[in-house]
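What follows is subunit A paired twice: with subunit B in the first complex and subunit C in the second.
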Partner chain A sequence: MTYTPVIELKNVTFKYKNCDKFALENVNFQVAQGDFVLLVGYSGSGKSTLLKTLNGLIPHFYSGLFGGDVKLFGESIAEKKTAQLAKTIGFVFQNPENQLSALTVEREIAFPLENFAIPRQEIRRRVNEIIALLDLEKIQDKSPFAISGGEQQLTAIGSALALDPPILVFDETTSHLSPQSATKIIKKIAELNREQGKTVILSEHRLDRNLQYVTKIAYIESGQLKAFGPPREVLHNKNYPLELYPRITSLYEQLKKVTDNFAILPEKHRKQLLAVPEPLTIDDFLLFIKGGRESV
Partner chain B sequence: MIEFRDVYFRYAKKNPDVLKGISFKITDGELVALVGKNGAGKTTLLKHIIGLLKPTKGEVWINNENIIKKPISELAQTVGLAFQNPNHQLFAETVEKELAFGPKNLGMPEEEQERMVQKIAENFNITHLLQKSPLELSGGERRLVSIASVLTMGQKILVLDEPTFGQDYRQKKRLGTYLCDLRNKGITVFIVTHDIDFILDYFPRVIVLVDGQIIADGESKTILQDELLIQQADLEKPILLEIQEKVAKMTNQEYLPATSEVEFIEKFKDILLQAASQEGKK
Partner chain C sequence: MSTRILEYFNYEQDKSLIHRFDPRTKMLFVIVLTCYTILFRDLVPLMLLFAGVTPLVLLAKFFKKWLRAMITVLPLVLLIIILNALLLKNVPSPTTAGLAMGFRFLILAEVFGIFFQTVSPDELSQMFIKFRFPYSLAWAISTAYRFIPTLTKETAIIVAAQKARGLQIDRGNIFKRLKNMIPLLIPIFASAFRRSWQLAEAIESRGWNAMKKRTFLYSLRLKWWDYLTLLLLFGLFALFLLQVIKQYPLPSWMLWQLPEKYELKSLAIAFWSWLKNLFQK
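After this line comes the complex of A and B, so read on.
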């Protein structure tokens, strides 16, 4: 059996109308079933543009010059309508107000299902399932405009989940939220990834609190994909800028520097510390400190 | 100087109070961050500083003057504001014109305008965007331009609503350092933010607003360690502090956190050395 990636980009290139520079240039990558991909890059590097090519918003709704091919489950999306793609890929934007429209949270979640003329009972069942999954019981009858930003974002996620798409895309979904709400949303996304096998692509600036869930990092710079792979591999790629290191990794690097690669410690300790993988998350950092305290 | 004296505010007579007896004083050259849940009244409070809203009760004083009767246009020469959503603010054909708009309106000579725009653009590393239309920019870039366009006006008080939205680490560092420099020039910076790491790194004072009332006002490194306040304001501990708290727990040591990166590195260097020397004694 041949392996079919869930998402495949082949030489994807895009230039917005009236712009001289390409927003995306020959982007190639493949995402496997169950991956959790974190899309990283400076402001203006092309993150949102790249995400918009995944569900056909580009080139169908943005004018410009498009080249290359995007395949979902081996099928090119070029000929497909964005509405059809909604069954395969759920999209959550940065600002939930851009996508909420119904009178109640419940209706918002039911909306995509109604659009596909799914039987009433089935809609009922599916909506209840999502409300329970995202803990939205308390606000299900409220207007999407009378709830908090975090709740709005959860509602938008609920609506993206309605058609049970195997792929979920999040464009800086948590950046408008308070830290606690943001963490809650990321945990929920990680749960969908782990427990329901959803393939996730997420763009984010807060690396430290997300990396624990991530299987791959895609680093994009000036519209070009400069590195793609497991987090530690990408961080060590020479194209990856130090400034975009997770805070924890950067603290570790500084610690390594001031201790002269741990050479100020006894040799046994030094070896021990160097054997611990470089920390990316708070838990990793604890392991590292533990490594420095326990004998071999 | 910004001073609130027992300020109350409600949007309509029959509505409940959004601000309930707000009092604080900020002196020249202070960097202050306002935090609180969505809906706590942060943006409402901020609009009082620029005179967009007037208190239902109480007084707002800017530079020793009660601003109740001061026209917004006059106040705008003292107080600059960057909105939360840059799309509400950007309108010029190019970024360069956007940046020059404020100084031009304030009657700054053309040469000086150009110099100002160039300087700000360099400081923010956006010279490559100057000839672009603000509409061509990414979300993060727009945010930066909207802040830069306020800074070109040279006011003594700056009010920034969520300045780090969509900014990567590099830009945040630039912004933070720039704001700290302004402080040395006696410029007061007041921001509303959820970005706790940014506060700990650059903003010495924080005011916590919950349900229209100030529940804490003081040193950020103290307040950002207060579990209860953090919960009430829907915040999280800064990464720097969270690591140290967990390490203290793991090693059964007292939690006495370093609050800057430099101190943090020194502290952990000591921790490693200590562990090694204890090991040596065994």
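After this line comes the complex of A and C, so read on.
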């Protein structure tokens, strides 16, 4: 048996109409079953464009110059319509308000199932399943415009999950949300990845919340894939910019967890570490590790 | 004034008796009532019709709103009556005909008001689906309605932002004010377009029109009271058709008209001569 990657991009190139720069230039990569890929890059680097090639929004929805081939489960999607691919790939967008249209949360989740003419009993069963999975019971009869951003995004995820696609794509899904809701959403996504074996591709500006779950990082810069691989490998790549490292806060949190659990630091230092508020810079951090700062 | 009229046609989420009827029943009600309103030209039957429909306003629980709207359009109704009374020719009593026109307007306003007050945009779109209209049309209706709050909120933000940058919206004459609206309209339209584009992408990604036929989690169902009312309405419609074809003469009490001396024209003439007398003395 030969190995077929779930997603395979071959020399994917795209240039928007009326734009002289290429949005994507010869992008090649393969994603395996069950991978959690984090797509990192600055604004305008081509993250969204890359994701939109995965379900045919590009080139079917945007006019421009398209080259290369996208394969899902070994099959090229060039001839397929975006709507047809909804069973294979679930897409969740950035703005929670602009992707919902139904009267209630429940009906929003039912929408893709209705599109595929699934019988009513089956829709009901599937909708109930998803509502239970994402803990949406309290808001299932509410309007998608009367709930919080985090709940809206959960609704959108529920709707993308309705057809049970093996691949889930998240285009900066958490960027409109508060840090708390964002953390909650990322946890849910990680759960879907681990427990249901969904292959996940998620694009983000920052790594803090996701780093602990991801299996691969793809770093994209002005339309070119500069680095792709396991997190440790990519973060050590010389092409990878320092600004896109996880913030020190997150390092600190992780360190704190370690000191709590294993007590690897001497008693004195551990106490110091936990007594001092979050360090702002690395120097700051080193200073009180060394014990230079008694208390604040 | 305009907002009050818009408000009058805005759906009210209430659980009144009328709300429980199927929108298709209410649609037929609107059609039949409109037919009858156009059929009658005389004051008495139209007044009876008006008296018959008004209790439904009470049943639909929007009497206050209705009263407010009626007061708002009162000048228009008066204008209809006065113009008809003064300008109509070739009728035995122009004032009676004018009053009949006024009542016609009121009945239509009532009937359409009841429909839009008690049929939610969702029911409206489901009704279109049941009538075999294309699903995209039904979807567009309900989505347009659903986006009103979002767009209103965004408009308020844009207005505030432009005001903060020194835009004076309510200064100067009407032309200047219209010109001042341009810095508002451009971002509002741009954002509406962006929203609709993103929504299009989102529904496309979830299988929009993937199959020729589609199913629905919920759809409309006629209840026994709907069947009963529909039967009644169809009966009324048959009567209407019969009257249109056979042209039976109405009983004489229905053809009652204002006496000559109460005609608006003669009243005006009398008033004029009274005024003249007053000043001649």
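Here is the rule we go by: the second predicted complex is superposed on the first by the 247 of 296 C-alpha atoms of A that agree within 3 Å, B and C clash if a C-alpha of one lies under 4 Å from a C-alpha of the other, contacts with A are read in each partner's own complex, and residues count from 1 in each chain.
In this text, a residue touches a chain if its C-beta (ideal position, glycine included) is under 8 Å from a C-beta of that chain, and two chains touch if they have at least 3 such contacts.
From a predicted model like this one, the values you see are computed outputs, not experimental measurements.
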{"item": "Partner chain in contact with A:111 - subunit B first, subunit C second, else both or neither", "value": "second"}
{"item": "Touching partner for A:84 - first (subunit B), second (subunit C), both, neither", "value": "second"}
{"item": "Which superposed partner A:183 touches (first subunit B, second subunit C, both, neither)", "value": "first"}
{"item": "Partner chain in contact with A:43 - subunit B first, subunit C second, else both or neither", "value": "first"}
{"item": "First (subunit B), second (subunit C), both or neither touched by A:121", "value": "neither"}
{"item": "Partner chain(s) touched by A:205 [first = subunit B, second = subunit C, both, neither]", "value": "first"}
{"item": "Contact residues of subunit A, present in both the subunit B and the subunit C interface", "value": "none"}
{"item": "Subunit A-facing residues of subunit B, complex", "value": "37-39, 136-141, 143-144, 165-171, 173, 194, 196-197, 234-236, 239-240, 242-243, 246-247, 250-251, 261, 264-266, 268-269, 271-273, 275-276, 279-280, 282"}
{"item": "Contacting residues of subunit C [partner subunit A, same complex]", "value": "122, 139, 142-143, 146, 149-150, 194-195, 198-211, 213-218"}
{"item": "Touching residues (chain side subunit A, partner subunit B) in the complex", "value": "16, 18-19, 41-45, 47-48, 94, 148-150, 172, 175-181, 183, 205, 208-209, 241, 243-244, 247-248, 251, 254-255, 258-259, 262, 264-266, 268-269, 273, 282, 285-286, 289-290, 292-293, 295"}
{"item": "Contact set on subunit A toward subunit C in their complex", "value": "52, 55, 57, 61, 81-87, 89-91, 93, 95, 97-101, 103, 106-107, 110-120, 123-124, 127, 143, 145, 156, 159-160, 162-163"}
